[in-house]
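The two complexes that follow have chain A in common; it is paired with chain B in the first and with chain C in the second.
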Partner chain A sequence: MNSAFQKRCGEFNHDWLKNQYLTALGSWLNLLDGRISDSALERSFVSEILPQWEGARVQAESLACDFEINMSPRTLLNTPPLSRLDDPTKEWLGETIHQLWMRRVRVSEIVSAVLREIDGADQAYGRLRQALCTCSNTESGEAMRSLRSEFSEFRSCCQRVARAFELFPGEVRAA
Partner chain B sequence: MRLPRILIIDDLFGRTLVGRRNEERARLCGQYLLKDVTGDEEGRSSLTINSPVAEVVFLRGQKPSRSVIGDVVENDPDGILQTVRSGDWSMVLLDLCFYTGRVTEESDRKTAGVPKGRDGDDDPRRYFGLQVLELLHREFPDLPVVILSSKSRNEVSLEFSSKGALGFLPRGDEGSPEALGEYILKHGLIPDESDEIIGNSKPILLSLRAARLAARNRKNVLLLGERGTGKELFARYIGRHRPVATSEFVIVNSAELTPELFASALFGIEDRTATGVKKRIGLIEEANGGDLFFDEVKDMPPLIQAAILRAIEQREIARQGSEDRKIQVDVRFLSATNADLERMSEEGSFRSDLLDRLRDGGTIYLPPLRERKEDIPLLVEKFVRDAESHLAGALVRQIEPAALQKLCTYDWPGNIRELRGCVFRAVSEYPDVEHLVPVHVHLPNERMSQSSVPLRPAIAKVEPKRELAEGSGDLDGLIERIEGFQFDPNNRGDLVGKLTKVRRAYAGLLSRYLATALSATSKSTPDNPEGEIQITAAIKLMRGDKTVTTSQAFDEVKRLLKESPELDPLLERAYRYVLSLRPTKPKSSGKKQ
Partner chain C sequence: MRILVVGRGTGEESLPNGHSVSFASHATSESAIVDIQAFDFVLQHIGPANPEAQDAIKHWQDLGHGHKLLGLTGGERPISYYHLKIPWIENAATQLAVLNLNWAAVPTDFAGSGTDLLGFLLTHSLENLIALAILCQGYLVLNAEYDATAHRWGPPEILPALTQMGVRDSNFVRPLLDIKKAGMSRQEIVREYWLKPFGLWKEAEKEESADDPKWAEFERIVKKEWGSSTGAENDSLTAMLTDLKGGKELPSLAVVADAYCEIARRLGSSPCVRV
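Now for the complex of A and B:
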């Protein structure tokens, strides 16, 4: 089990994306709809919260690409008792179980799906940023109400990213 | 309207930060439209919710609740249980993963006050939230607990279900105020938003929840409860919570229909020119697309039971006189009774197959008032205001705690209806006061004891007049109980030597009935400001017949008191007075006594 990778995954998908970013986006949409008022959120959303995606996107892509190496059952050969096997055995056995796992778990498909969703969110983010350039006051919910559909689209894309990350198996399994 | 009160147990949103607000919490409240009433934060919130879904108290579930770099954070199951015990929660939203351990510079930088986390904190098999769920379900089995987590539902679906959670709200994903509102409506312990069914006690909230759940489909529902518990109000409540709004709500009171009228009233009649019978739509057809409330369903005659069964099974009926022409109907039957239908079906007086159909959408038990006395203050407040508005010129009054205390000492066998009658009497007897005090409240046991205190000759200690309509419910219930009472032939021991006792009880009841009628009809005169008994008026009242003559009334008094074991001073006086003026044997009332 690679707890460091899982921890990174958890920090990205649960601690940041779901618990912080998506809740902020949900709150922001309610603000645009006039269901809440929050001057602190109005001031900080576009300038501080929204751009967090840019750093997070890099992190998300890196997690998707690292998944195969870190969650393959081949990693079990690095810890006892399998680590006590001789190197040539580890080599063929490792490759065999890795290939079997790749097929059974459809790793490439999952990774592609995650990367596709990240890309989709990034494109939606780009469109949103472009639309924001036309906005005279980005510290006013009222002024940005016309961009609700762009914000909503970006949120939906982020939700899909979160769901795509759930496709990753939660632990390293030999079988 | 009071908002549902929710407890959220969550390490991230529940933590308190030093010198600043918990922004994650504010975002969560903004997302779900929650009004934070925790009151643990410094500074003023910039967040205002226009129409909150609920009031919410946040709890970290860990010690310390306010942590800084260097602190070691540990889970606190005892503190959680203590908080849950201390409040009336409509629902608990519970997180799964709680991070423990030391708050380091690095962990604090990522999320202020949150510790680094120990191995196993995020292991689905060891989630602290699941342990809490188990503890809560053990101590508060009726408390609705829903998981609110950013973790994957699939990882824990079996565990959270088996440990008693009612559902799972994914946080951040599809989380919306509407989804939360739907959960609260479905699972929450919340009062009737229309204030027609008054009460915040757990028994009534559980019944309301059962009613809302039953309302979600079109299946038939059986309402069981003692008289006066509000069965019709509950039926209407179910009607209001049906998924598709329809206005049809038709009431059938089985007790008011004769067996002959039952069929035509329910199924309707087709035109019969030969006999001159006009076409009439039946109640079932009238309720098509909506609900038919069948009150006192136990009184349904056997033939009608069979016809109703067919109507439920085949979803079609035929009007009388047109049996070949079937009419499709979509009606939900909401039936109510205070009888033991299960027993009646075992004894063969109620069809068991019909009973099963009438409760295929569930059985809802309506708690008697004695099991929810904490609702008495709210009910009294409502009834006092109603009474003040009904009674022209009545002053608005403050309800004194001592009066409430007195009302809470009684068990209210007639339930809400009886309490309402009592409160209405208190207001109508004392319209010109600004306080409702114990002396205004007359409890039945108190009336009985009053009738046994010595009274001055010719003057009764008169209770002020009561509104007959309000008080009649008590007596109706008594009659119902007496009429429905079944002697058990298998319990011979119980039958031995009771004849005298039954006679005495019956005679005592009649004499108390007379005493109360005498009090209710007494009149104040300059000589007797406390009231003078009016025998003829009392008998007129008891018979409901204004044509009763004085001699008939006197004879009635003699008959009523003939077997009374002992007379209180009021009745003694009335009896002596009657005998002095009409010493002859009473004429027969025309009915077997």
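Now for the complex of A and C:
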């Protein structure tokens, strides 16, 4: 079982995207709606928190692309007891169970769905950044209130990214 | 045992060994913290999606239910929650991840602490069942035939297993198998395939011995992984191992297919559907 890959997925989707970034985006929308007041968030959101998406997007795409190789049941042939099989057997058996898994779990569809949601979020982020260029003061919630729909759209896209990542099986499944 | 899981969706599910689980999104109902009297254990998600969690845990601890509580997180336990003196289950981000914990290892009459429960849930010692499932898949695909006239795979007795495995249409190409199939026609090579991973194949003698104490140990481990009271049948798995142990004849394709379906069900995978 590839725990390093699962750890990377957990750190991205659970720890950063859901628990930090989406939480911050939710707080930001509350601030724009006048439900909360937080001067520190108001000053730092656009300059420090929002741009975190740019690095995270690269990480998310990398995770999606690495999924197939890391979570295939073929990896089980590298650890006991199946690692005791001879190499030629591992070769045909590994390819067989990999192909079966690809069909059973619909791996290509899941990876495509994740990449599609990442791309959707990135496009929403681009529109938001463009809209922010027209804003007179990006350290003022008041000044950015007119961009609420762009912020809200980006948050919805990020939520879809989080849900798409949950389509990845949480463990290497043999059957 | 009745388990309440808070923060991983809603619904009810049966678990192995007669246990059951109820899922609730939040620890509050109509602004009041829910009563957990009827539950043996509560797995409470702790994170931004459940802001009520810390208050709920304190409330339950004050009522004397502290021994029932376990923390649940989709990642690793955040340092900011170290002060909660409860056992934690980490990396359980979805309802499925909770259901995939090793509930089968928790005895029917379990009466231990939350820490004891954690000890059972986090032991994923199903390596031998998983290996057997993979060996079954390889063996069944190797022996499957596609009937171009009827547009289906067979023989019929292994079709439910093939379908569950992912062999569903004529487009499935068996990789490298034509070469291997010729090699696998010899009985000792097939036996080596089944037995070598478990240390039951004696290379020098080109056979295994049914009297080898390793067989008894292997059967004991497989039985343990299966779980003593899962309620699921494993007659075909037993038959397959008996055939392999006997050394006289190989298990039939039907027995291997049925054994695969039993193991797949035990591993929590989708069931084989008879057609």
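By our rule, the second predicted complex is superposed on the first by the 175 of 175 C-alpha atoms of A that agree within 3 Å, B and C clash if a C-alpha of one lies under 4 Å from a C-alpha of the other, contacts with A are read in each partner's own complex, and residues count from 1 in each chain.
The rule is simple: contacts are C-beta pairs under 8 Å (C-beta built on N, C-alpha and C of every residue); 3 or more make two chains touch, one makes a residue touch a chain.
Note that the structure is a prediction, hence the values are computed from the model and not measured.
By the touch criterion defined above, A:L17 lies against chain B but remains apart from chain C after alignment on the C-alpha atoms of chain A.
Once the two complexes are overlaid on the shared chain, A:A40 sits against chain B while remaining clear of chain C.
Once the two complexes are overlaid on the shared chain, A:L31 sits against chain B while remaining clear of chain C.
Applying the stated contact rule after C-alpha superposition, one finds that A:N137 touches neither chain B nor chain C.
Contact with both chain B and chain C is seen for A:G170 once the two complexes are overlaid on the shared chain.
Of the two partner chains, chain C is the only one touched by A:W92; chain B is not.
Look at A:Q159: by the touch rule set out above, it reaches chain B but stays clear of chain C. Residues 6-7, 10-11, 13-15, 18-19, 23, 166, 170 of chain A lie in contact with chain B in one complex and with chain C in the other. By the touch criterion given at the top, residues 47-49, 73-76, 78, 91, 93-94, 96-97, 100, 127-128, 130-131, 133-135, 137-138, 141-142, 164-168, 172-177, 179-180, 193, 196-199, 260, 263-264, 267, 269 of chain C touch chain A in their complex. Interface of chain A with chain B (complex): residues 3, 6-7, 10-11, 13-15, 17-24, 26-28, 30-31, 34-41, 159, 162-163, 166, 170.
Those residues of chain A that touch chain C in the shared complex are 6-7, 10-11, 13-15, 18-19, 23, 73, 76-77, 79-86, 88-89, 91-93, 95-97, 99-104, 166, 170-171, 173-175. By the touch criterion stated above, chain B contacts chain A in their complex at residues 12, 23-24, 26-33, 46-51, 97, 110-111, 117, 119, 122, 124, 150-152, 154-155, 170-177.
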